């Protein structure tokens, strides 16, 4: 049981646990903050995959961006949303049973498939290992990412900027006060 | 350390090399920015400018598309941007039609009273539209999981915005909410699928991926594929990803609905085609997942659900929404055909079918707008006796619906006819029972579809109304365009090779 | 020489053709005439029939007992088979041609007077001429298609004429009944014709049955099964057309038409067509079938005669007697008395036609009385009549002659034909076993019954004195024989009822030219004992019977002279005898006749009505089936579609999470299916 | 301009004229229509006169023997691996078609005369009327299956509107029922058509073809193609050719109509306005019969012979069943409609017998029924226009009130109950001849079918005479009392002319059947020869 | 040594939790959170596999894009939700069901 594994299981535990808590809790605000924990944990899980840059991005964008947005939304959407969310039933209630069953079954199926489908013995991963096409702890991924973004992934890189622009315009349009009103 | 730097030059050359194949999209971007800037600069009364700009832009783009068609037509498929996109003949053709219909839609937007009365102005809508068209262009050419996901998201987000665009309208925003939630969820699922595909296939590039998948565990692979198709299914709205369709189509402003129900279909089908292409390659012995079975079943279910559920709709928009589901199902038959015989007529036939459907569909939505604006007719009862009040519109509606049903002397008929013939040919090869089932189902559902399409002429002409008031005078632009489209439909019904010889 | 013959033949054919077409021409002309009661119409028709009468005389003279004349032209070709329209003149057709035109002539003349003042005078003569045309065409046509066509056309024209007064509901019902019953026969005939064609690929009568009824015909070699079907069809045809049991009930009802029509169509010509048909198709039948025919004929004859006994409606009596006479003819055909049958056909045509004309006059006059005195009586009911001999002597004489001919007393034509039938029936039956004997005996009885009702008729109508006097003495009786249009036909026909027309020898039918014209089939000599016994037997008995019935129906009060012993006893005896007869003979016979009549009305007609009702019921069932089952299936399909659609719509409850849920559920289902299988 | 194409498209031309004319001239529309139909009639008569007969003009399965042929390339679709899809505009007529074409033109004239009664939006009515006219003629002339199908479908929409917009009380139901029924048939017909197309190759060009005539030649089928007679392909276990035959047959049987696919007919006929009922009964039913002869028998002869027993059975059932239903109706138009079912049964019986007489009789029956049903519906329309009632029990003793009308009714009734000397007799008689001959010639049909068929004649006599008795004879008694008595005027000149034409034609055909037989004989012989060869 | 399977299992858990959230929560925003959770699960997979793809590093870059896209989507979604809230005074998707058959 190496240090690495310990960390991994810890992170995984936190992630899943907090996620479950998000699912379970009645209180909205609390669930949001638990979600923050989940995101952190996931970011932590990125690290053992040698995706440090991605982990950072995750933290920055998610926590700094999305979560904040969500909280703003809460604030904007006033109190009786919070109010009528208070009287939410417990973790398992009749209204949730189908959802729970579905999710559970989904998980079982997934698990079943994952365990059957020995991903560890994938052809291409082994080939990658042979051709040492594996990211190791030594090499830094950042410049690699940078080069790729400037090269192979230039198109998506440009395209997503347009997407963001459009999203910006649209969101702005939706949320701006109507003229003349 | 910097072991990738040397390859950078190569990659940049690659990028520059692929730019010539990317000219229409470049123009799109340019005009997108132009519209955006005008919008920002001129603020509140920039609507008409943006409108003109967008229209001009699309015209130019279509022109460029045609150029591209001219000179790519003889070359075989081109991979550009290091395999991000693939430029095929079908893709170009579909791009052209996408742009054409988008152009029509751009005109259409302002002719709908409800939409044009939107008090925040339409200028943002044009921006979004252009961006959406750009997204569709990417979609038609995408050949890499990243570009696939990116383009789908782009189109989806644009669609959310369009649906919810009329913010002050209750239904519009409700539809927006449903759309965004459903869409985001399904895209999340698709992303999960993509992640698995990537994991199992070992490459984002779909050809490499296919090669990899062929060796992976079949069960797992099919699982991943199904998750992936959830996303495409959401775009194509086939069963079981169709639930959002009626509500959103009803809630959104009619022109938006028209846009959603016609234009992205081209792109989405193109995407489906290009995604399936590698698997049909006989070189890799594809066993893991039976696409034919999958799409046959989906197609049958879609046809049945769409047409049968439409059979008792009273609201015209809902009815058309369901019927659009049905048409997707029919188009899937062409996909199955293409899967069975990659060399066969599946794709051009599909294109023709889509064009025919898009023509008739656009006209139908426009007429829905027309009657809604003219006589406030939303559902069947509202249409009573309007045929005599607005004869031209009435007749056009009849012809359009006939085309949607697929009766002769309309484009729709040849759509069905060619699909049948292609399917038959495929059947002769494999004697694939599912294909037969598809054909029979489609025949039956055609009859059913008549049953509900005919309701509109029934109310327009066969029933009399006693109302005399509340008939607005109409702007004839809309009617003119409808008439032109109708004539086109009939012309294609008489001389289909006018179109088919280019496919 | 040949050439000359050819020309003569063509001339004959031409004449025959013209003879046939003249009435048609008349019909067309009449139809185009203006006005409903155009007197011209009558004369046109009469002239036409006169013309064809003369022509047919000529034709007859050319053809009778000489070579057969047969010419045909291509009518149309269907696929590779050609159909010819042509005229076949042999003894039979020539005779019929003459007979029909000869009988029609007086009827025409008669009608001009009889229908005077009717609001549809013109229509009447149009129909009449049309009937004559189709009847004449029927007898001369040379192929089965034409034969069938005219066969049905005569039925059609009789339909028109029965329902001539179409405002009388009874008349309409009667003509419907007549036509439909005839239709049954027609279908029989049609099937037979088609079967013949299907077997021999020709419609030509001459080829099928040989020219002059000489047995050398295609029709002899037929496979048994098919031949059965064909013959059943023919039976039906004959039974329907000439009112044989069980299809005879339309004939009495048909009396709703004008009397002159009854005289021509339902006594003399059309109803005889059935017999004529037998004559044409004779070679087809096998002995067994002929026997069946004989039985049917005999039974019909007896039954009808017995029914005639108790009828009080003048025309009905005659109608039933017609049926029974036709029965005679059919029986004769059955027993192979081919010649006698046709012979009787000819004689019967005259005297029965005459009887009807007489009846017409009587009824007309009674109507006259009725109208004059505002009486409420049925002018056709013989119980109101009587003693008319004084008022209308000529009619009386004519009636007596006809009646005697009907009975078949010597010196009348009836004697010759009838006896020939009786005699041959006995010859036919002998040595065949006692069962076969029933037929001649039945025939014998029938002839006696005939004698009885004939006298009853005459007595009730003409003898005694006018019944109505008894009701109110001061009744006005301005009646007479009527004008010449009435007298001439009577005289003409009456003459035709006497023996000289047919044979110089009043007693020996073998000497009758007409008989010899056909005796090709039945050649027999007079060695046989029957030929002397039977006539004597028959006639003597008939005379006695006639005396009885005369005695019964014209009973006087006690004779005028004082009741001194012997005379009184005599009359007393007479009285005694009468009662005897009353008790032992008349009663049973009468009751039988009533019974038969009852059967006729209720069982047979009842059966037919039953059939009709079954038809209606079936139609109701069919309609129900149509509405509820077949359409029901459709609506079921529709509802299935709607059900599926509703199922699909059930998910559209507007809740996005529910949508997501259902979508994911389906996907999950797919996975589970995939993982399990 | 080929004269046949002229015949087909003239009505369309006039229809366009009507469409562009302003509605202020609506009074003239009916005359324009009448003119159009008359011109058409003229052309058709010209065709009839110049129609060559003789074995060398038999037509059927020999392309060279068709007459007034026009063949233009119409649609060229490059189907990649399939070769080119060649759809021709290919029209031409042989003996079977010519008579029906002439009949159609006559009926159209009468229908035009009958449409005087139409009062509301005339422009639409006459435009649709003429469109329908074009389609119908086209069906009879088309020799390219695709073209045939196009015209076939083209009939539906105008009819839908003609029934639905100008029809009676339950017109919507009737119209949609008719439309769905027919579409159901034709959609599957489309499938078979495509299958045939992909199986047949034009020997000359090597392309697949829709040419019906070439579909008749087994040699033109690809080896191993689905409908090839030699490669015994199956669809879901059933022989492919059988499936094809059955599907085509069902499609046309719906039109004919054959029990149990007939229930659209009473509704459609009853609800439709008179001119449309006339066209429906007079022409459209014939399209079914024609289609069976031309395609079912022509393309699947061996199935037709092996399935003849069933065809015959259906025919007999239609005869009896239709007649029984007619007997049960109290609505005059319904009665006539069901009588049509019964009479068209003879057509099927004749076709099933596959003897020369049978098929000639069938064609004859179609022609005569064309005229007779026209006449009957016209008459029904006359009385309906007068008092807007058709219930048989509401009329009595019309004979004395409307003598002319009664006369024509009697002619029509007796003609259609098969009185000799009138056209229907020839048709029915020879259909029966065929049925009776079949057992001895080819043994397709048993005797009892023929006999049951002849029972149908009896039944028809039953219901027609009963109707006569109930409506026309007896003392005058009307439901509507004196109002009706005044309303029920006798025929006016227009009606008299229309009816007179028909009566004369009926009589003429009855007396000179060669008018029809003369033209069809060679084709029928050709057809029989063709059938017997396979 | 941590195998891919472990990562997959974790991501599966996250995914299903997200699934449960989007199905069960009565609040649009929470549903969004659920969606984000599912996205994260997918990202985890990508990254995990991306480890074996050093040259063109698809996994990680894909994750970068997906995160950005998630942000965009969320922004738009929230804007819409706020609009809905303006009209309906609630963001419980089950109460917003005026559009239905």
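Going in written order, the chains are labelled A, B, C, D and E, and every chain counts its residues from 1.
Criterion: contacts are C-beta pairs under 8 Å (C-beta built on N, C-alpha and C of every residue); 3 or more make two chains touch, one makes a residue touch a chain.
Everything numeric in this text was worked out from a predicted model, so none of it was measured.
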item: Highest-count interface - the chain pair sharing the most C-beta contacts; value: A-E
item: Rounded Å distance between subunit A and subunit B, as computed from the means of their C-alpha atoms; value: 31
item: Gap in Å, rounded to a whole number, between the CA centres of subunit E and subunit B; value: 26
item: Approximate Å spacing (C-alpha centroids) for the pair subunit D, subunit E; value: 65
item: Centre-of-Cα separation between subunit D and subunit A, whole angstrom; value: 71
item: Subunit A: positions in contact with at least two other chains; value: 98-99, 102, 106, 113-114, 118-119, 122, 124-125, 128, 139, 144, 148, 152-153, 156, 160, 163, 167, 170-171, 174
item: Residue list for subunit E, restricted to those that touch at least two other chains; value: 4, 8, 15, 18-19, 22-23, 31-32, 34, 43, 48-49, 52-53, 55-56, 59, 61, 65, 69, 72-73, 76, 79-81, 83, 93, 96, 98-101
item: Multi-chain contact residues (two or more partners), subunit C; value: 649, 652, 654, 656-657, 660-661, 664, 671, 675
item: Set of all touching chain pairs, with the criterion as stated earlier; value: A-B, A-C, A-E, B-C, B-D, B-E, C-D, C-E
item: Residue ranges of subunit C in contact with subunit E within the complex; value: 649, 652-658, 660-661, 664
item: Residues on subunit B engaged by subunit D in the complex (per definition of touch); value: 341, 343-345, 348, 388, 398, 402, 407-409, 413, 416-418, 420-421, 424-425, 427-428, 433, 436, 439-440, 443-444, 446-447, 450-451, 454, 457-458, 461-463, 495-497, 500-501
item: Touching residues (chain side subunit C, partner subunit A) in the complex; value: 661, 664-665, 668, 671-672, 675
item: Interfacial residue positions of subunit E with respect to subunit A in the complex; value: 1-10, 12-21, 23-24, 26-27, 29-30, 32-34, 36-37, 40, 43-44, 47-57, 59-61, 63-65, 67-76, 78-83, 85, 89-92
item: Complex contact set, residues of subunit C against subunit D; value: 75-81, 145, 148-150, 152-153, 156, 163, 166-167, 169, 172-173, 176, 179-180, 183-184, 187, 190-191, 194-195, 197-199, 229, 612, 615-616, 618-623, 626, 630-631, 634
